[in-house]
Amino acid sequence: MSFQLVLDYLVSPAFFHGALITLLLTVTALVFGIVAGLVIALLQEARFAPLRGLALVYVWLFRGTPVLFQIIFIYNVLPGFGIRLSAFLSAVIALSLNEGAYMAEILRSGLRAVTRGQRTAALALGLTRGGVMRHIVLPQAMRIVLPPIGNQMIGMLKTSALVSVVAVEELLLVANQTASANFRYFEALSAAGIYYLALSTIFMAGQAWLERTLDPKRSRARKQRRTGLKALIPTVDIR
Amino acid sequence: MSFQLVLDYLVSPAFFHGALITLLLTVTALVFGIVAGLVIALLQEARFAPLRGLALVYVWLFRGTPVLFQIIFIYNVLPGFGIRLSAFLSAVIALSLNEGAYMAEILRSGLRAVTRGQRTAALALGLTRGGVMRHIVLPQAMRIVLPPIGNQMIGMLKTSALVSVVAVEELLLVANQTASANFRYFEALSAAGIYYLALSTIFMAGQAWLERTLDPKRSRARKQRRTGLKALIPTVDIR
Amino acid sequence: AELPKAGLVEAGTLTYGVAATFAPFEFQRDGKLTGFDIDFIDAIARKLSAKTAPMNMEFKGLIPALQGGRLDIINSAMYMNPQRAEQVDFVPYMKIGNVVVVQAGNPAKITGRDESLCGKTVAVTLGGIQESQARADDKACRDKKLSPVQVKTYPTAQDSWLTLRQGRADAIFDSTPGAAKVLEEVPNTFQVVGSEFEANTSIGIATRKGDAALQAALKAAIAEVVADGTYATLLTKWKLPASVTLF
Amino acid sequence: MTRDKPLIEAVGVEKRFGGYTALKGCSMAVAPGETVVLIGPSGSGKSTFLRCINLLEPPDSGSILFKGKEVGRDFASAVRLRREIGMVFQNFELFQHLDAAENIMLAPMKVLGLSRHDAHDIALGLLAKVRIRDKADSYPDELSGGQQQRVAIARALAMKPAVMLYDEPTSALDPEMIREVLDVMADLSAEGMTSVVVTHEMGFAKRAADRIVFMEAGEIVETRASADFFGGAVGARARQFLDQILH
Amino acid sequence: MTRDKPLIEAVGVEKRFGGYTALKGCSMAVAPGETVVLIGPSGSGKSTFLRCINLLEPPDSGSILFKGKEVGRDFASAVRLRREIGMVFQNFELFQHLDAAENIMLAPMKVLGLSRHDAHDIALGLLAKVRIRDKADSYPDELSGGQQQRVAIARALAMKPAVMLYDEPTSALDPEMIREVLDVMADLSAEGMTSVVVTHEMGFAKRAADRIVFMEAGEIVETRASADFFGGAVGARARQFLDQILH
């Protein structure tokens, strides 16, 4: 194995571009996935049974079939119905819809972890259902859903490689193309692996930082610094 | 698209065998993954810092690099160090180790969702650390980690397709190869998709059943039936 | 000819890797491996008094498995080129050309591997030699200040063909036998335009770098297979034109 | 006992949990400015009754009237009602992710739309009133039982409700604090606050109440002016209950 | 005040939370069979002191002695100590995933190794003693405050500990139930149970206590035989505290 070659690959525009595409796919799929997941998770708690049924079918269908099929379907079958999307857009939509189904389950478990008493107390104060969700349930659920969301995020980094099936030039396809020209598989895969590890590391660091921020005890130190700062401001204010 | 052909594929031995392999891979990887994940999650709470470091590195490495590499590594690189495993075993080990990293995060979030007061109360009764974990923390965490574990399980069904890279004939490889003979791509993929959907449906049903069972309120009805049954037995006992 | 005594995955057996998604060379029918390469290696093995043990995997798994000592040879219609020859040794056994295929009716008005490709989208399959050919055409177009060729690389041949069929790509580069097989299996959908090109690209069986003993054994056995007419019979069986022969 | 038009009224409230009937048709009217104390054995349904009054538990039958108008069964009506009613829970139910001040500020900010700054002032004022101004930055699990209870009282008062429902508001408090809470309640009463208080603390009941309601097994057994009740003008069951008080 | 060798003893216990000192060197010795009642203002450190005694909170300095021997700081010693000590928490802390009977059965089964059957008998016996035999199948969130508190008492008693620590065991109970709990405790005392009780209920303290310990701001201010304390033989601070009691 040649380390020089790995290094060359790492700094090559092709690999860098592939990594960018992978990152872009992951982040957009994640953002839309969380939004979709939240909607579905809330629908699962709806009192109107057909809505619950809809949510269940969504989760069943999109978790149940491979993303690969979903990508191929959106890219190759939808045009038959007059909907013609670019490869990248097809990929993003497929990944987001798929991610949404997984996120829905994660968020559902997080919402369930917040005790009923906490909701009741918020209701007693006159908050609406939406207010209870926003100010009480979600903040408390957040800390619990963060690790599995981190899983999804890092998993999506790898799952996004499946979009090579519609020739979107993401990282792994670049590596495979490079390797198939000269059979330097280990070098090409190592270079891609290093990129994946680097991106995962960034995501994990982000997750760890968010977890610390959402821990009320730890965020107090920060708050006190902020308050400390505020305390300084009036001495400047000379009204 | 020919439905007859899809049907033929569905009942063909090749597809059936592929589905079996996929199921076998998923279930074994899941079982070992949960065990590994539990160990890692507990190590992350250890008081001895190097153990925590070890757990972190494990999660970082196995989440950070694609499973594909892990499979290729175990199958093709380890023999160079005198460790020669069969393709299937390599696949199972790679998938389990990988799954373990994701499970560790899920379990960590579940353990965190159990309040400190519940542990304290158990300690006050004289339970050991292990007893607190087994009888108080895990049962309470279980309901919260079930949906994300369901995600992993169903995700693993798809991820296991990656082991085709070491010649394990799982479902998706069978589908691709079948399509290569006659280019009936949609039929082959649909047949595989139906198998995936069926397996996912079984898993989802299992998850829903477990969730209901672990809900104390609902399991009470069951318990009362059991007690009811017991109440009948003494009438037969004539001592 | 005789099989080497040592250095094999399993003594007395040729363990070969194959990515069976490339008709008519290797594919699956009713769950069984079949195709020219499969018959060919079986004929070679008979000459060597060896058994065969196929390992059917994805194309990208083949080289790591050979280098990791999991395989003795790769028998998967691998195209030879100088860069690849730095990684493995090849025993060539056929030369095949390539063709440009378009949708039936030629909606994109492509006349062959020429300037009519500039500005068009060309699908190729990962692992084939056609990707480098298409990229060369892209460069040629750019050099002439024409619109570039969009080269799309798909993981398997089926993906590439599907793309062409759905009109996502204007043309596809494939091997002449591969294209012939598709046109036979899926009639009235595609058509070949222009003439065959780079008709002397060789495909070969790959061995680990420096595995001279196995190389020699394979070469000797292939000579025997050619000599007794089996090679020609197989070409006919799989509808390959006589022009592909190297012998 | 006042004879004003009642501010809040429960009529024939029934509540079942599965097969168990927790409230068997309870009716009670509370006039503006009045303080009614609910007493009764553990499990008699006092907490459930309070929760039915602000519709946190939807009654199975019966209705709630506010200012003489029946409150609708839709969610929006319930929210409107609850904005007029403050409640202190038996187990406090402080928000675990917010510190003491934030617990108090939440509803004024999110329901009344006060600025963070104004809400903060209100919170600190109330915390000072219950003598834990220095615990403003502490999270619920860092507070002693009595401190949590005082935050819970402050949180409910911050909304300046027309009616307060207290579920054992002094259970975790020492005699000194009980007296201070009593003083706070007396002040509020003087300002016209209407209160329903569940308590086991008979000394507290005696001082705070205009009227005593005695519950047992989901029914209202006795309703008397405070002086009469503790003066002995009660039925046999209530008498037996009162006799158990330890001095 | 007894002069026996103390069964359990705290010596110079200090406890800090971050910058806040909750206990400033508290010492207390409890003789076998003795009942000590801890009183003091909310936030004075009573709960913290109890939790230090069975090492649920590790003291920052000072030590705990059981039967005259200092208890080690390792986890195993703490577990051994806790098996001799029962505790009723101020907020009950019932196990949410277990019903009332199972809450009580857990420790006898998992710590003492009793059979499910025997543990069930013990649980039902204790539930009957606290008069909620019919709630054996109810989960904590289906119980009223007072019912939860009684399950918590039963859960601690099921281990037949040598020492009981009660943190406000009657805060959610009505006067009748308080008297019954008092009777239970008197019976246990007669059988030789050693108890430390935190309470705000002065009537209860007066009846239950052999000795009163008065805490304020993390310090033990006064220790007196019960009769003396309520008889008025106390310092100025405790007197002021007692004067606030409402009747």
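Letters A, B, C, D and E mark the chains as written, and numbering starts fresh at 1 in each.
Basically, a contact is a pair of C-beta atoms (placed from the backbone, for glycine too) under 8 Å apart; a residue touches a chain by one contact, two chains touch by 3 or more.
The chain lineup, named per UniProt: A, B = Glutamate/aspartate import permease protein GltK; D, E = Amino acid ABC transporter ATP-binding protein.
On a predicted model such as this, the values are computed, not experimentally measured, just so you know.
Fewest steps needed to get from chain B to chain C, stepping only to touching chains, is 1.
Chain centres computed from CA atoms place E at the largest separation from chain A. Centroid distances built from C-alpha atoms place D farthest away from chain B. Chain geometry summary: the mean Cα position of chain B and that of chain E are 44 Å apart.
Annotation: 49 Å between the Cα-based centres of chain A and chain E.
Averaged Cα coordinates give chain C a centre that lies 82 Å from the centre of chain E.
For chain A, residues touching at least two other chains, in rising order: 72, 117, 189. Looking at chain E, residues 91 sit in touch with two or more other chains.
Those residues of chain C in touch with two or more other chains are numbered 60, 64, 67, 159, 162. Here chain C touches chain A in the complex through residues 59-60, 63-64, 67, 81, 83-84, 86-88, 123, 126-128, 131-132, 152-155, 159, 162-163, 166-168, going by the rule given at the top. Against chain B, the residues of chain C that register as touching in their complex are 17, 20-23, 27-31, 34, 55-58, 60-61, 64-65, 67-70, 156-159, 161-162, 182, 185-186. Across the complex, chain D meets chain A through its residues 54, 56, 75, 78-79, 82-83, 85-87, 89, 91, 93-99, 106-107, 110-111, 137, 139, 155-156, 159.
By the touch criterion given at the top, residues 117-118, 120-129, 131, 135-136, 139-140, 216-217, 220, 223-224 of chain A touch chain D in their complex.
The part of chain E that touches chain D in the complex is made up of residues 17, 39-43, 47-48, 90-91, 132, 142, 144-147, 150, 167-168, 171-179, 182, 200-204, 206-207, 241-242, 244-247.
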